[in-house]
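Listed after this line are the structures, all set down as structure tokens.
Both complexes shown next keep chain A, but they swap its partner, so chain B is in the first and chain C is in the second.
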Partner chain A sequence: MSPVLDIRDLHLSFKGYGGLSEVLHGISLRIEQGQKVALVGESGSGKSVTARIVLGLLQETRTARIRGAVEFDGRDIGAMSARQRAALRGTEMSMIFQDPTSSLNPTFTIGRQFREVLGRRDPGIGRAASDARATQMLAEVSIPDPARVLAAYPFQLSGGMNQRVMIAMALANRPKLLLADEPGTALDVSVQAQTLHLMRELVDDHGTSVLFISHNLGVVREFADRLYVIYRGRIVEEGPAAAIFADPRHAYTRALMDAVPRITGGGLPDVPEVSEDFLAPLIRHEEDAA
Partner chain B sequence: MIRAFRILAANPLSLIGFILVVLIVFAAVFAPWIAPYPTHNGAVVDFLNNNRPPSAQNWMGTDLVGRDIFSRILYAYQISLGLGLVVLAIAPPVGTIVGLLAGYMGGWVETILMRLVDVFLSIPPLVLAIAMMGVLEPTLTNAMLAVTVMWWPWYARLVYSIARSEREEGYVLAAEVIGASSFHIAFREILPNCLPAILTKMTLDMGFVIIIASSLSFLGLGVQPPTPDLGSMVAEGARYLPDSWWLTVFPGLAILLVVFGFNLLGDGLREILGVDE
Partner chain C sequence: MSLLEVQNVSKTFHTDHGPVHAVRDVSLSVAQGECLAVVGESGSGKTTLANMILGILAPSSGRLRFDGADLPSRRLPDHRRAIQLVQQNPLSSLNPKRTIGASIRLGLDTYGIGDRSGRWRVVEEALDAVGLPPAMRKRAPSSLSGGQRQRVGIARALACDPRIVVLDEPTSALDVLVQARVLRLLNDLRVSRGLTYVFITHDLAVVRNVADRVAVFKSGQLVETGTTEAIFTNPRDPYTRSLISAVPVVDDDELSLRNSLAEGT
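Then we have the complex of A and B:
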């Protein structure tokens, strides 16, 4: 079976006033069916642009130059037309964002927005059918009173509720791949943990593959099967999550891990902003090392 | 709806505005039945009663050819409100489409459309209208056309600035991510978020459109006699000030009241719809 997502030697550069500046220097990443993969790195390391390339959004930006292969479900995204890429979004792949409340349009009810999402796969869907499906999806994300939520506007719900709504919407069309760009970073920590737990159960049930983007290794540890650590547009360490957490070998991975605050205190360590060691070549953990 | 009315009622000034507007609209619509001399909206001459001060027969006096000024003001309101409605039925949609396209699409579309808007905005509004009326025949239709041409760029700029900031909102990215088309995003996602500001501006603008239209006919470039118009009535009487003050003061007051009413109502509406600035 071919992997759901296969990125090979992806280069990205932006054309600016000072010529081309390269942002991704050849990254490779694979996500198998049902696998939860995390892409971890600091801000500006190239996590989010990678997600935008997978979604086919960056291909439409004229200043972006993309090289390398991105295959989704065996099909080359780079070779598709803009229309074909748009057809994939919202049906085969979907995305969850940092701030759930601002990702929902404040002028429409949740029910109405659900209908638009469901209409992507089933254009003629009626109100009753869409509400029934939405109610079922909301029940799956443990929302106690789906009818009330469907009639509500996003600003009438709490951030945690909106996050669950976003998860329900993102999974409503049974996508093969879910991209989660720092989901719930705008929420407080306990709500974030709760919704992540919920999301993990759901994607396991549905067999959805996930590309989870984060800067927080603590969050990733709870969620991912496999880990890619990215630094300045290069993958510096990859392997099964358990193996990397047990034995982080790259200097940058160790620095990232030190940056996760601990409940036992001791404050944050002095992590150098830039270090020669961070540019050391890729370390690949063997699959059986876990 | 009930909530809107409660806010309106809690704010005495906007309530006054609302009542004024309702009264004026009612008077204009039912002018033929309310006006004491309904025939006086046309070419009627009654020299025996010309230039009379306000009295029990003619509440606001009579004009130079003996027509009842109160009746003519009611009919003039029909013209002013009708003109305002037509202008505000055309200019805001045109401006909104231009502003949305420029604000959401960006790039060369934005450059071309917004520079065009700048060209229109750089010409003083009344000068543009006067120039247009000078070229065209001075009729009601052309007055509407002239005011519309000078009015749409303001809506384009308003909607453009809102669309620019809404474009960065998460829900627009979310819509892109589920594969929504540009058309859908501009008109179905962003436009509803611009509507409160557009509606508020339209209410506030009603008064200004009436002022501009009256200014045009004051200069003799709008509605032509014998059709009554507030602007031309003021102009006609201005030569006989201060002796025949009623010729000018009542039509002037009529303009003041309608503009005042729409402005107060617009302020109230701004509060109800929660529009800043």
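Then we have the complex of A and C:
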């Protein structure tokens, strides 16, 4: 069985006034069926552009130069037409963004936005069928009063409620791959913890594969099976999440872990912001080490 | 001796949907040189409290005392100078059309600090104190990284030579490696200059490592206050426990602390 996502030696550069500048220097990443994979790095490391290439969005940007293979479910995304790539979005792959309230349209009710999402897979879906399916999805994300939420506008709901709506919408068409870009960082910690828990249960039930993009190692630890650590457009360490958390070997991964303040105390860490060691070659953990 | 005292302070906003009690009968004090963390979820009233301390909002009832005297709701320049703010998002809080030096100098001109010819030197000293090259004063905020901009935000507050600095989520917009450096800088400055901090945040892991005391807010009320050590080893209020046990953690010691707190709720 082919992996859901297979990225091999992916390079990305942008054409600017000063010539080409390369932002991804050949990254490789695989997600098997049902696997939850995290791509961890700081801002500017290349994690969000990777997601935009998988979604087929960056291919439409004229200044972007993309090289390397990106296969989704055995099909080469690079060889597809813009139309074919667009047809995948919202049906076979979907996305959850950082701030749920600003990624929902404030001028339409939740029910109407659900109908648009469900219409991607089933263009003739009627209002009754759409509402029934939406009600069922909202119940799955533990929303107590689905009818009220369907009739509401996003600004009438709390951030945590909107985040659940986003999760329900993203999974409504049973996608094979879910891309989650820092989900819930705009929310309070306790709400964030609840929604992450919920999202994990749902993707496990549905067998959805996930590419989880984050800079927060604590969140990643609670969510992901596998980890890719990215630094300045290069993967520096990869392997099962448990193995990397137990034994981080790359200097950059170690610095990332050390820099997180601990709730057990111990004072503020003294880690460098940049170091030559961060550019050391890729470290791969054995698959059975977990 | 406490430098800042908040005595039975309430703030009510009157809206179309009736009154909103943002802060309800809160009393607390901050000692000279101390770092008090104010924690709580969004809507808990922590920013309203900060705005009252800064004099941006006037309390509906209760009073604020600074250095042994009442703080009037119309602040005198001396008070405004003595209580400075560092904001969360340094990109939106610095004027994009001013050089960073001009932004830092603005406070000096407003409060008449130093003589006109010496003010650029004060600006350069402030930049140096936060670990930025003094020559950077001629640059625009857009040409700086997130960490550098937040250092400018700190330099801007420091240049006015304040007694109290209100830090409103100063590192939550920063990457974790940058956050670690900025937190260390804030700690060093507090010690070397005898500053007093009111540190507003929802990040309990940061609080654990920077604060002397913690005040926990929920729906405008102070639910628990105590030393950082006591709050984390023996939180009394269930809300405090739930906040601590929601923190995403990285190592096993943290996990067991969190689990032991979760059992108690």
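Here is the rule we use: the second predicted complex is superposed on the first by the 287 of 290 C-alpha atoms of A that agree within 3 Å, B and C clash if a C-alpha of one lies under 4 Å from a C-alpha of the other, contacts with A are read in each partner's own complex, and residues count from 1 in each chain.
The criterion applied here is as follows: a residue touches a chain if its C-beta (ideal position, glycine included) is under 8 Å from a C-beta of that chain, and two chains touch if they have at least 3 such contacts.
Everything numeric in this text was worked out from a predicted model, so none of it was measured.
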Look at where chain B and chain C land on chain A after superposing the complexes, then choose clash or fit. fit
In the overlay, answer first, second, both or neither for which of chain B and chain C A:29 touches. neither
Partner chain(s) touched by A:264 [first = chain B, second = chain C, both, neither]: second
After the superposition on A, what does A:273 contact: first (chain B), second (chain C), both or neither? second
Which chain, chain B or chain C, ends up touching more residues of chain A in the combined arrangement? C
Which superposed partner A:171 touches (first chain B, second chain C, both, neither): neither
With both complexes superposed on chain A, which partner does A:218 reach: first (chain B), second (chain C), both or neither? second
Let me test your reading of the model: by the given contact rule, A:103 touches which partner, first (chain B), second (chain C), both or neither? first
On the combined arrangement from the superposition, state the nearest Cα-Cα distance between chain B and chain C in Å. 11
Find the residues of chain A that appear in the contact set with chain B and again in the contact set with chain C. none
Footprint of chain B on chain A - complex, ascending: 55, 57, 86-91, 94-95, 97-99, 101-108, 116-117, 120
Parts of chain A lying in touch with chain C, wherever the complex brings them together: 42-43, 159, 188-193, 215-219, 221-222, 245, 255-257, 259-273
Spell out the part of chain C that touches chain A in their complex, as residue ranges. 41-42, 146-147, 175-181, 183-184, 187, 202-206, 208-210, 232, 242-244, 246-251, 253-254, 257-258
Of all residues in chain B, those that touch chain A in their complex: 169-171, 173-181, 189, 192-193, 195
